[in-house]
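Multiple structures are listed underneath, in structure tokens.
Look at the two complexes coming up: chain A is in both, with chain B in one and chain C in the other.
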Partner chain A sequence: MSREWTIKFVLLAAVAAIIVMAGFQLYNHRHYRTSIVTGPGVTKVVKLSDYSEGLKGTMADTNVFFLEGKEEGGTVLILANTHANEPAALLSALILLENAVVDKGTLIIIPQFNNSAGRNTRPGDGYPLYFEIPTDWGSKKFRMGNRDASPLDQWPDPDVYVHYPEKQLLSFLDVRNTNRTWPGRKNGPLMERVTYGAMQIMREEKVDIAVDIHGAETMFPVTNCIVAPDKSMRIAIMTSLTVKSRERFDNHVESSPSGFRGLSHREIGDYSDTMPFLLEAPLPFLDQPTGPKTVDLLLDGKDPFLLSLSKKRKLFVPYDETGWPMEKRVGQHCSVTLELIRQFSRKYPERTITIRNVPRYAEVVKNGVGYYYHDPAKTDKKNVYIN
Partner chain B sequence: MPLIMIIYYAICVYIGAMLIWNFLREKKSVNDMLLYLLILIPLVLRILRVK
Partner chain C sequence: MYLQIGIILAVMVLVYALAKWRKLSIEISMLSAAVAGGIAGAFPGTPPVSQLARHLVEGAFTYLDVILVFSTATIFMAIVSESGGVNYVVRGTIKYFYNVRIIALMLLMIIILIPGALTGAGSVSLLVVGAPVALALGYLGIKKRRVAAILFIVAGLSAAAPPVNIWAMILSAGTAIPYVGFELPLGIPVLVLGTFTILSLGWRRERKMPLDTVLKEMPEVPAGMSWWRVLLPFLAFFGLVIACRLLPFSFPILGLPLEFVVAALVAWLVSPIRIKILSLSRDTMKRLLPLLATIVVVGMLQQIMTATGVRGMLSFAVISTPLILLFISLAVIIPVSEGVLTYGGAAIIGIPLIWYLDSIGLHATVAIAGLSLLWPLGDGLPPTALIGRLSVMVSEYKDSYWTFLRSTWLPWLVITIVGILMVVFSARLEFLVRWSI
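Showing the complex of A and B:
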């Protein structure tokens, strides 16, 4: 073999090895399935494609869980993993799904709302592919997703995303971001069909309040808060004041800007009778000036660079050596969600929703998140949904 | 799969083939050979529907 062909052969083998090694990891991540255990409150499980036909047979289709009370009342919809790289949302939704018992009204939960984004990753930022939550029976493994849907499911991106129907020009990337594609349309890009499905649930099931759970950077002002448009404002403020006085944690209220289109807290309110709320808990993992994006950073939120920035008053949340552990964030989401439902029920008694057996902030902080998860191996197979 | 997506996969195959063609034709520069192959990685992963 000539020298030229020897070099070519070596280079080709090295690059092929990289493709095979990376390819297997990425393929396994996309196809990894998490066991989702349904608790005693779940009465019905349907698909989002039952409300948005264009999702049938795609990776963007996802499970919708109904927890219907014996007594009639109001209806609440909970969305998690709208951004699949903000995992406190999914973890909170699963606590509700596995434990909540509804006495009055209906609770609808979509724990993996952007299912395609949950199967995407961000290698350029060195995202971990998985993370594990310790439980009494071992650990529960989850995929770490990305903010946007996978281009394998929706591609190519346009140069500029023209929002439907408001025609506002948004970043090209936001065409795959399910918190910019609201209210969506039947035959639009795949992510518009996802949000359209949720809009149809809200219209058909007469949803009173929708809670979209997120996480945000500590250096971003819209963090540790409830975002609400005018129609939801009163309930948001009452909730914020109540959790502050009774449970001793801060969660301020941000007003949903009317000129910024495509967001759940804007379009759900404008295009349906539902009152939307978007919850943000601090998520140091998403901040730009941190150390490596490790699983530890994701779960405990401890970072030396953020700590020094905090001393220079550059963060929008209190921050010390204890970081922002996952149980604090999940606990906040549980408490704020329960309090929103309670405040809504007080204001509209004929649409009361009564839920029990869901832990509040102090309990989640004390017991940890995994304490509320059940072992799928010891659960009746018909109550385990693998996705 | 929507038509536009199919077209983009076809573009990927075309660019990938051009890169391999250039790689095979390159006689001297090891640097260029390596660069052709590195640029090929994301295209291969997309065509195989891995990433």
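Showing the complex of A and C:
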């Protein structure tokens, strides 16, 4: 064999080894299953495909958890992992799912709303594949997902995404983004079927308020806030003022732009009787000018570049050496969600929703997020949902 | 952190320079830089060494969709060319407009603008209509160097033209600004700058031959070739693109690659001569391989730069620049970011930049439109130089790449000035957005 062929053969073998190794890791990530422990409040678990038949048998189908109170009242829907690279949403939803007890009304939680995106990675952006939350019984491991659904589940993309039904032109990528495909269609692309399923839940279960939980860059003006359309504005403002005065954290209110289509805070309000709210907590990991995209950055939100930019007043949130730890973000989401429900119940007493046993901001910051998760190994198997 | 990332960046630059010094190709040099950066980053665990292979492979898929479009569009155009369609179009253009130069030039400019405007990719313009337009410009007495320059600038403008502008779409998606109101802020400058480019570079006739001689010199057209045989494949392609746009809720999503495949099959079926489609496709892919390899490696480089923090540090450097200096440096930063990262530059630098400009009272939509004019210029810059290399390829210009690039200086300068002024005065130009909606 000539020297040239030997080099070619060695390089080919090296490339093959790298591909096999990487392929194995990526396959494992897509098929890694997270244990979700249902708490004492969960009364029923169904699939999203029960409301949107087109999801049956697809990776986009996901669990829908019902927590029904003994007394009748209003209904609230919580959506998390709409963007699966904003993990504070999932972590907050799981705290509610594992701990909440509903006395009056109904709480519906979809913790892995864009299930396909949760099994996707983000080529070019160097994300870690997993992150772990420390708990009293060890650590709980989660997949780090992507903003958009996996092309393995929905492909090809159009050259430009035409929003249904408003016909606004959006980026081709947004056809896989479940915060651009609202209100969705029964037989549309897969992600439109996902949002259609949620819209059907809202219509059939007479959902009063929907809370879509997110995270956003510190350099993004719409961060650390509640986004609400006109119909939800009063409750959003009252919530913002109350958490500021009682719990000492800022969470301002942003108005949902009427000309920007496909977003949950716009379309849910326009195409159903439900009042939508979108929560944003700062997520430094998503900012562009940061150091390496590590699990530490994801969890503690500490970054020297952002600190320097903060001193130059180029961030939209307060930022210091403590960063924006996960506890703060999850704590905010828990408190704001509970306060939205409380304010709604005050305004519409006949549709009151009463929830207890959910920690608020100060408790989550003090105890940590993992404190509220239960060990699936020590839980009755019928109460553990693996996805 | 600064020192750690600085060392990793230095390793990457050094390895790239060494590879180029050893006369390795651009693709191999960039791959070497990516691998070296990854290994250097693995020492402090950014990324962990166990994840290095995964980052390289995952990054390689960053621009898979672009690769599919390139491949299918080039095969489509190769079939049209092999069937004699290209020669037929060139002959027709010369025959009817040879003596009405301004109309011929404007017509050729619009022909280049359309495919890129519809798909958001200047490369598609070059792959679909680049070769026949280059021939036509050549017969109009324009030197090959200037032909390549015209193709490069106008194809770049076609990518920025509405309705589909990928940079604006990436920025709109990343900054939560609706992708609406871009028609006039993009359409007007693209048409004005396109006209300026084709007239400034193409008005001078280097040589003039009698029309009869030109027609005699031109390659023969196969017997049986006709306008409908040329037009049908293009009608199939644009028909599918337009159908997706006009009937978005009833027409299936095909995607650009499949639309090109359908058009290629139509071109093959209506060809007056028999074409060996498999061997032609194989040869075309061989020709395209260096370009595809560049795109694959750019994705890997981007992923490693992000995982190591190099990308973040570069983004930080841009955002930290004082405002006046920032405006001036846009002339360099934006094209260079495109040259290194292609569309990745819009995400890395563009998104934080737009947030920053928005926060100081500038109009985000107009500012995005202004920046969109600058990004295509970077497609002529190494290491990627995607559009530049394609322009040289389709125009069959054989001389030095830098000589070609130098000949674009005048439209390059004017486009840069217009783009930066649009950013600086974006608030005053807000009416263009209002008039578009």
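The rule is short, and it goes like this: the second predicted complex is superposed on the first by the 380 of 387 C-alpha atoms of A that agree within 3 Å, B and C clash if a C-alpha of one lies under 4 Å from a C-alpha of the other, contacts with A are read in each partner's own complex, and residues count from 1 in each chain.
FYI, a contact is a pair of C-beta atoms (placed from the backbone, for glycine too) under 8 Å apart; a residue touches a chain by one contact, two chains touch by 3 or more.
The model shown is predicted, which means the values in this text are computed figures rather than measured ones.
**Q** Does chain C touch more residues of chain A than chain B does, or is it the other way round?
**A** C
**Q** On the A-aligned overlay, A:I18 touches which partner chain: chain B = first, chain C = second, or both, or neither?
**A** In the superposition, A:I18 contacts both chain B and chain C.
**Q** Contacts for A:L26 in the overlay, against chain B (first) and chain C (second): which applies, first, second, both or neither?
**A** Touch status of A:L26: both partners.
**Q** Once the shared chain is lined up, is A:V45 touching chain B (first), chain C (second), both, or neither of them?
**A** In the superposed model, A:V45 contacts neither chain B nor chain C.
**Q** A:P156 in the overlay: touching chain B, chain C, both, or neither? Say first, second, both or neither.
**A** both
**Q** One more residue to check, A:K8. First (chain B), second (chain C), both or neither?
**A** first
**Q** Check the residue A:A377 against both partner chains and state whether it touches chain B (first), chain C (second), both, or neither.
**A** neither
**Q** Identify the overlap between the chain B-contacting and the chain C-contacting residues of chain A.
**A** Of chain A, residues 18-19, 22-23, 26, 123, 155-156 contact chain B in one complex and chain C in the other.
**Q** So in the complex, the part of chain A that touches chain B is made up of which residues?
**A** 4, 7-8, 11-12, 15, 18-19, 22-23, 26-27, 30, 123, 151-152, 155-156
**Q** Taking the complex as given, what residues does chain A use to touch chain C?
**A** Touching chain C: residues 17-19, 21-23, 25-26, 121, 123-126, 128-129, 155-160, 162, 164-165, 167-175, 177, 185, 188-189, 217, 219-222, 257, 259-261, 287-294, 304-305, 308-309, 312, 314, 316 of chain A.
**Q** Which positions of chain B touch chain A when the two form their complex?
**A** Residues 4-5, 8, 23-24, 27, 30, 33-34, 37-38, 40-41, 44-46, 48-51 of chain B touch chain A in their complex.
**Q** Any idea which chain C residues touch chain A in the complex?
**A** On the chain C side, the touching residues are 1-2, 5, 41, 45-47, 51, 53-62, 64-65, 118-120, 163-164, 169-170, 172-173, 175-180, 241, 244-245, 248-249, 253-259, 299, 302-309, 311-313, 315-316, 318-320, 344, 347-349, 351-352, 355-356, 358-359, 437.
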